[in-house]
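Got some structures for you, see below.
What follows is subunit A paired twice: with subunit B in the first complex and subunit C in the second.
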Partner chain A sequence: MIRQEAPRQRGGDARGFAIAAAALAVALVLPAALNTYYVRILTGIFLFGILASAWNLIGGYTGYPDFGGAAFLGIGAYTTGILMVRAHLPFPAALPAGCVLAAAAAAAMGALLLRLRGHYFAIATLGFMLVLRQLTANLEITGGGSGMNLPPASDFKIFYYWMLAGLVLAVLAGFALPRTRAGYAIAAIRENQDAAQVLGIEPLPYKILAYAANAFLFAAAGGIYAYWLTFIEPLSVFNLDFTVQAVVMALFGGPGTVFGPVVGAVVLKTLDVTLTNVSLFLHNVFFGALVCALVIFAPRGLAELFQASPGRSRWAALRASVRRALQENRV
Partner chain B sequence: MPLLAATGVTKLFGRLAAVNRVDVAIEPGEIVGLIGPNGSGKSTLVNVITGMEAPTAGRVEFAGADITGRRPAAIARLGIARTFQIAQPFRNMSVRQNVAVPVLFRAAHAAGVAEALRRADEVLETVGLAAKRDLPASALTTPDLRRLELAKAIALRPRLMLLDEVMAGLTPAETDAEMGLLRRINAEGITLVVIEHVLRVVMGLCRRVVVLHHGSKIAEGSPQQVTSAPAVIAAYLGPRHAGGGGPETQ
Partner chain C sequence: MSPPVQIALQNAVNGLLIGGTYATVGLGMSLVWGVLNVINIAHGAFVMLGAYTTYWLFTLYGIDPFAALPLAGAALFVLGYGLQRVVINQVIRASFLITFLLTFGFELLITNIALSVWTADVRAITTVYSGRSLHLGPVIVPAIRLMTLAAALLVTVLLHLLMSRTRLGSAIRATASDQEAARLMGIPIGHVYAVTFAIALATAGIAGGLAGMSFPIYPAMGANYTFIGFVVCVLGGLGSVAGALVGGLIFGLLTTYAAGWLGPNYDYIVAFSALILVLLVRPAGLFGRAARFRG
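Presenting the complex of A and B:
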């Protein structure tokens, strides 16, 4: 799970950005052409695109398998809700406050939890999320277990654009990070923390940076989600399902890559919606089987198949991947 | 004033003294050999000096400042570089990115990634890895991995380098090339501590050798002195041989 791509300047990035720019242009005009149903589906895809890209910062680039992402989504949702309902702040003012608060919470928790490694970190972050859920269910300011209503928006399309903006921010973060000094520190820590330390890197601050950036983006998605749904309760936002889906999408698309997580979100969410429409039973079977197959045959995600070396087809890359899986007795 | 002074350094693991009241002083510009049989405490001593492990007792001073128990990153930035006995590359990063890491985090670090990569290329030229700079480190052979370890240490621009068996697994010809490289590094003013099993390397490079056995310093002096010292011969070959000649010097 923690065998990611190094930060690497590739020709593929330029091409990726050309495609991304074209996709963004299309995304900006799409709501005018689509009916409400499809705009809603796309808004949901963008939501998971943000989550997968955000998780990629800590789970992919840094190699820390965070399972508490929903904690920050919940902080973003509730902070936005509380500020709008109780302080009567407009949404654009409430949302950033939630993001900043989540980043601060991540920095504080990260200072403790990021000293743990591997499974211990995963379990500890999950525990943090569950504690926050209980806390929210028992506080008065959050409305407790009965939840909280947010003022409705005048036009549902604004959620589409807010999510799109969040997604652009998340992708830009994933693009910029590996190209900076901090990104080199994070990559070195992921690859070999001892070796990184003796070359002058103090690991904790850089891990906290990646964790806080991840939390900021989860909270952004959470705040928009809350305003979109107009009703939140502890179970709906402090929801492990958000985290797990983000992890699966990032791993599916290619952890440690700029566009992999977004591609993972688009492909898996589209499949999800399509199969659900066809048959709920088939949806469950196909989805599980697909995830299993990918973990076995392309453990570094789709990106691995699309980074086939020149002169070697994607099909050959897939076959090589299967052969490798067989040799390593993963099948 | 010595560049590095370890005084009474002791490291206990449970009741076992991996390093036992060792005093070592390294003068600026020296190449000092640190030898001893397997398990004699050489690597533990290096770990204590570089802050990877806190000593149970004793004190480490570098350039006059007490660095005992400081964090590895801080000690690295003060100017002590080390290589690992088993190469520790950043496997999924390219060779030049590996070397750019210390350039970005040393005391006088490069302003940005582009400059760091340029500086990394200069170091790769020195160690003879320039042609392989774009390969992922995971694709390197064992001798090249050792060169990469060395390149990363050089790129930190240290005043002192602790080299933990950089020659292990090299052919005699490769060993000669590496010895030439170490002499050039030393000629640029970097003090070297060479931990080595290959006696030919120690005899060829070092004027002074420190011998550890069971965590204690049992001899110190010129290569000729230590290899003829009875305690050293007994440590390597067993007490029966202590009366005869020195250990094999190839």
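Presenting the complex of A and C:
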């Protein structure tokens, strides 16, 4: 699986958190200064920041290539929607229910799926997402294939703050996980599961913990997304694009790091929005080409690409790491 | 014959007939997975390209769709060789997540380019013999489905002969079982990988033509076939031609019976349940033994 650096030194952490705290302070006051369009764009970036950070818990730290994250996004969206529409619960009560349900579903499915490894795990999680999509389209309580309308909110800015809160939670989870006892077990599982087992680490409970935390956050993003868009249908939330974008953003920014996935989400989503303004067709083709280029030239993410070695310029470091990436994986 | 028996029999025939197309979809995926250790997310997109190639040859030039199959296969063979040689070989030794994402990038590129070139219109290949059928006692056999099954069996047999009887087949199997040893024996690995991917895409192209004769053709059809390919590989056991055939036939029966008993919208649910069950109980597939290509 993917390799990543060990949790950074305390000095690096302090700097990272100083920057993060400053960014958070700016983010809190920003909606007052921006027009509707930009608030909307930022809300979208936060959404993908949550997803990328959530995927990082299972895909980055634990090394399990989950491709079914949209399953939990869908559970969060539909649970929130059903509780608001059919049970007339307020949003702040409906959202946590969706998150808890998704985490429970992840624990149950994880108990089965996390026994699989590599390709098989990836496919099984993808299949789980497709099954939930079909089930949702067949059920009556979800509105079936024609989807479901949620009550509109009075002020669009509340979604910005909900997403921001979700993002803070996701980053904190990414910070906390590797520093707990479970984090050490998870790192051991990622590096060599068989060896970890010999050392007396029973892997499954730790993997389930990371998987459920990932599901909780995907569901949080999904619930807020549903309320934000006020309309959901099986195809729009059980959508593989959410998962793959999260994977690519985490990979781009640096998997297994606290802030990497968020940086990946900010950079790639900004690019994506810019290109969508240029051409609706182009942005999908561009994203495809970007994914190809990224895995060929920078399989360890952007951070490593620019890591200068002593005595060399950034440009030389970039060329060297691209050359290294190309040489070590080709036949 | 009582109606329930008759329906069960008709479902069995329908399932086996369409199973041939599914087997052809699974063949290429199994080959790439078993030899290159790559899960090709774009496999369905290549099936889509094969379907469009067959469709345009038929619609624009009046070429019979069965005669167009080898042409679709040849076109995708060339595309496959180039893609593997120029792009995939650069990352072939990277972790599986990397090649998984690379083929996802292909899928996005191909599907979106197809969408802009051919639009989202749904198309169908309708020949003069599309409506004909044979009546074997109580069972109705649509002529075109019977012909697609025959073509699928022919492709399977040819691929089996290629893998088991030719020098190229030996080279591919040797590379699959031990890449380093194969290299030391003088096998040009980069070329063998490229030919393997090319053969896989040729079968995907033919599968696309076959699918286009039974199902609608549109740019986003690929994702569905990628999932079918997975399930066929897992059911039959990874890395054998016979496994893909058996997996395809089982998948055809499974989805046909599921549609008959539960309604048309339960195919993913049934297919996924079968997939999980097989993965947990017999991870090597119902008939597979090891994860390398045996031909």
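As a working rule, the second predicted complex is superposed on the first by the 297 of 331 C-alpha atoms of A that agree within 3 Å, B and C clash if a C-alpha of one lies under 4 Å from a C-alpha of the other, contacts with A are read in each partner's own complex, and residues count from 1 in each chain.
Rule of thumb we're sticking to: a residue touches a chain if its C-beta (ideal position, glycine included) is under 8 Å from a C-beta of that chain, and two chains touch if they have at least 3 such contacts.
All of these numbers come straight from a predicted model, not from anything done at the bench.
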| item | value |
| --- | --- |
| Subunit B versus subunit C as contact partner of A:197, first or second or both or neither | first |
| More subunit A residues in contact [subunit B versus subunit C] | C |
| Touched partner set for A:184, first subunit B, second subunit C, both or neither | first |
| Touched partner set for A:123, first subunit B, second subunit C, both or neither | second |
| Touched partner set for A:111, first subunit B, second subunit C, both or neither | neither |
| Contacts of A:168 with subunit B and subunit C, given as first, second, both or neither | neither |
| Which of subunit B and subunit C A:289 touches, first, second, both or neither | second |
| Residue ranges of subunit C touching subunit A (in the complex, touch as defined) | 33, 39, 87, 89-102, 104-109, 112-113, 115-116, 179, 189-190, 193, 223, 227, 230-231, 234, 265-269, 271-273, 275-276, 279-280, 283 |
| Touching residues on subunit A, where the partner in the complex is subunit B | 3-8, 179-181, 183-185, 187-188, 191-192, 194-203 |
| Touch list for subunit A against partner subunit C, complex | 1-2, 59, 65, 67, 112-113, 115-116, 118-120, 122-124, 126-128, 130-131, 133-135, 137-138, 240, 244, 247-248, 251, 281, 284-285, 287-292, 294-296, 299, 326, 328-331 |
| In the complex with subunit A, residue positions of subunit B that touch it | 50, 52, 71-74, 76-77, 81-82, 84, 88-94, 97, 100-102, 104-107, 109, 112-113, 116, 136, 152, 156 |
